[in-house]
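Next come two complexes built around subunit A: one with subunit B, the other with subunit C.
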Partner chain A sequence: MSEIEIEGLSVSYGEGRGQRQVVQGADIAVEKGECFGLVGESGSGKSTILRAAMGLAPQWQGRIEIAGVDARKGPRPAFLRKVQMVFQDPYASLHPRLLIGEAIAEPMRVNRLPRVAERTVELLEAIGLTAAHRYRYPHELSGGQRQRVAIARALALDPEVLLLDEPTSALDVSIQAEVLNLLNKLRAERGLTYLIVSHDLAVISHMCSRLAVMKEGRIVETLGREELTTGAAAEAYTRDLIAASR
Partner chain B sequence: MSALLTIEDLTVAFPRDGGGEELAVRGVNLTMGREKVGIVGESGSGKSLTARCILGVQAVHARCTARAMRFDGVDLLTATPRQMRSLRGGRIGMVMQDPRHALDPVQRIGDQIVEAIRLGDRKISRRDAWAKARNMLESVEIREPDRVMRLYPHEVSGGMGQRVMIAIVFVREPDLLIADEVTSALDVTVSARILELLDEMVTRRNMGLIFISHDLNLVSRFCDRVLVMYAGRVVEEIAAADLHNAQHPYTQGLLACMPQIGGPQEPLPVLQRQESWREEGAGA
Partner chain C sequence: MSETAAPRASALQARLAELSRFARAFRRNPLGMVGLFIGLLLILAAIFAPWLATHDPYAPDFGGRLTPPGAEYWLGSDELGRDIYTRILYGSRITLFIVALVIFTSAPIGLFMGVISGYFGGWIDAVLMRITDVFLAVPKLLLALAFVAVLGPGIVNAALAITLTAWPPYARLARAETLAVRNADYINAIRLAGASPIRIIARHVVPMCTSSMLVRVTFDMAGIILIAAGLGFIGLGAQPPLPEWGAMIASGRRFIFDQWWVAAMPGAAIFLVSLGFNLLGDALRDLLDPHAVRRT
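Take a look at the complex of A and B:
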């Protein structure tokens, strides 16, 4: 059984005449410890798949199962402790009036976990900041530091899967390198599984072993890193995407 | 090549909390003709601020000083507000990153282009201006110009919005175009086409172009020469074709830390910033 199993996922937004199908019949299987990429143009539905998995896009059909827990039938708190999400813009995803320490501790408090204070410091150190950063606000940190904090918060419940939605596209390339290195280190150390959305094929090539290409709500092709490198994709659309990214 | 734009020793200072000033741009020099000049650097390096000072649209509390700033014979330091208004959008055009923020959300696209045309030519009839706007949309490769003229900005995609922005700038036939991260909000396939379009239009009209981007590879493909900015200074100036032989450790570091398709899946080299980079300048 795979760590992430998505079968026949269809997602829609809106209702009545305004209803729009944004993902249609997506199938994704990601093995434990793997990093799997989702690429495609804006509006292709790649982020929506992550949002459906997290319960942020409630109108979905199909099956989502993460680390053995079914997103619909399984107990919700247990599901959310298996999977957490990191968003594109850490300035928007961190509460501006919560201290960094509070932001990281909040999911642990909500879930009534023990040793919140010690765990907060451990998490800050794991992402390359220090205990002193607990008393800072998000606006006092740089973009790269803020994204590290968002990663620490996502790790607070000790999840097995991280859903990464364009985690570095708001960052400069030099900072992107640091965050990607951190993500790879954490994955190796903690045996995490990643599903990462990016429009940047170079980032996907650096992080992933396999990827799916999306267009207009459908997965048009799933390919390995080798085919991405050689450009030997089956679909013309994928070849265009690779050519434009060189 | 006669200079279209000359900037000597441009410095921009912001007041710091608790007194004193923070220098955001420090001694930038740029002399350019009708050519494509790229400015690259990380966020906060001062590249957009430099461009804004050329147009005099920097924030009100920014103190912008220079030994000289001239645009085609006009002294930008002593120009009257009236002179500056006629340059902005007229002889110097600017396209910004996100069309969804730069376009007026409550005005139809056609009306916004017509407004730009009539600001430049007060005698043109509304009907002629409408026809001219429509043709301009056609030349930026919008397929159904008549339909798009009647749409609001939220009804078009990011790529189409950026084409509209380019159309608005080009109807005034500027001599210098400042393009600030024009493709960063767009998908790769769309962005490639927008750049080709921009390149064609700038070349055909023999304009000067200042192309601001954080993407070094893009700039090296697109421009004639590149200024690399760090902490408000130009640390290196290099012919775009030679960017990959850059000498400054900052430029080299920026190039090295980018992942490549098919590159090794090892930790990426991380930029080791040196305090000395803040002080030494290559000087353009």
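Take a look at the complex of A and C:
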């Protein structure tokens, strides 16, 4: 059984005649410890898959099972302890009125975990900040630091799986590599499984061993890193995408 | 013990740093400082009224009726020979009491209704907002009048009547703020921690509403003072011999042409205080309005 199993996932927004099908029949399987990429242009539905998995998209059909817990039928707290999400824009994903330390501690407090203060410091150090950053507000940090904090918050419940929604696209190019390397390091240290969404093939090829290409709500092709580097894709759309990123 | 004390001091430090940053920005607004000064003046007058007063606010002195402003009566005396300066000082207590009572009742009610309405949406939103609309549809002073007529005149009843008319705008405001943040990623993030709606609302949504609420409250203080004075003027607010400013104007109305100071002095006090709160509100809005705030 795979760590992430998504079968026949369809997601739609709106109701009645205004209803729009955003994702159609997507199948994804990611093994434990793997990093799986999801690429495609804007509006291809790749972020929606992550949101559906986390229960942030209103209507979806199909089956999502992560770390052995069913996203629909499984107990919600247990599911959230297994999988967490990092959002795209670190300027919008940290509460402006919460201190950094409070933001990281909040998930642990909600789940009544022990040793909240110590673990907050451990997490801050794990992402390359210091204990003193606990008492900073988000607006006192740079974009890269904020995204690190968002990653620390996602790790606060010690999940097995991280869903990463364009984790670096809102950051400067020089900072992107830092954050990606941090993510790689955390995956190796903690045995995490990543499902990472990006429109940037360079990011995916830096991080992932396998990827799926999405177009207009459908997964058109799944391929490995070798095919990506050699450009030996089966679909014309994928070849265009690879050529465009060169 | 010391382990828990140290981090608390630091979190406090972070908040104090924010506060002093805010204070520095506020100091750059001269009109805001004038407003703040007037507000402080009102509070100080209310606290120290017995020491600042030159006469007894209630004791009549028929020898000194309707004396123009001068050395004995700084702002003149009224038709019972009472010192208007002293009565205005004591009146500031009544004004502050009404304003505080209205704010501390109407703002929480409005915040609660608005946040619940905005966060849950659907039929809860529809029901709560239609109730709000009913209250908003009636002119404020009229509604307050009707309630005072039912409850009977008096300061507390006047304040409660104003509360009944003052909460709907807060509900609308809190709802709008809630709608703006309820799907923000930082709220989604706390949802993904498994937090209950109550916790999300109380700890994460409400703090986002407070700054615009604060601005609105400051502006409304001016309006509340005017309505309270209006109720006092028509005899439904504070009752004689209480030195309520509106009631004082009402008693001076009869001789407004010959003894202008009886009505003009409390009128000036009302004018000054509502101007002060308006200036203060303006300054706070410049600093706190989320629509004008730069992205940090």
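Operating definition for what follows: the second predicted complex is superposed on the first by the 246 of 246 C-alpha atoms of A that agree within 3 Å, B and C clash if a C-alpha of one lies under 4 Å from a C-alpha of the other, contacts with A are read in each partner's own complex, and residues count from 1 in each chain.
As a convention for this text, contacts are C-beta pairs under 8 Å (C-beta built on N, C-alpha and C of every residue); 3 or more make two chains touch, one makes a residue touch a chain.
For clarity, every value in this text was computed on a predicted model and none was experimentally measured.
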First, second, both or neither for A:58, with subunit B first and subunit C second: neither
- prompt: Between subunit B (first) and subunit C (second), which, if any, makes contact with A:14: first, second, both or neither?
  reply: neither
- request: Once the structures are superposed on A, label A:191 by its partner contacts, choosing first (subunit B), second (subunit C), both or neither.
  value: neither
Message: Is A:75 touching anything from subunit B or subunit C once the two structures are fitted on A? First, second, both or neither.
response: neither
Message: Between subunit B and subunit C, whom does A:224 touch in the aligned arrangement: first, second, both, or neither?
response: neither
Query: Can you list the residues on subunit A that touch subunit B in the complex?
result: 41-43, 143, 172-178, 180-181, 184-185, 199, 201-203, 205-207, 225, 228-230, 240-242, 244-246
Message: If we count contacts the way the header does, which residues on subunit A are in touch with subunit C in the complex?
response: 54-56, 76-77, 80, 84-85, 87-89, 91-99, 101-102, 106-107, 110-111, 117, 134-137, 139, 150, 153, 156-157
Residue ranges of subunit C touching subunit A (in the complex, touch as defined): 7, 10-11, 13-14, 18, 184-195, 199, 203-204, 207-208, 295-296
Statement: Given the complex, residues on subunit B that touch subunit A span 42-43, 157-158, 187-192, 214, 216, 253-254, 257-263, 265, 267-271
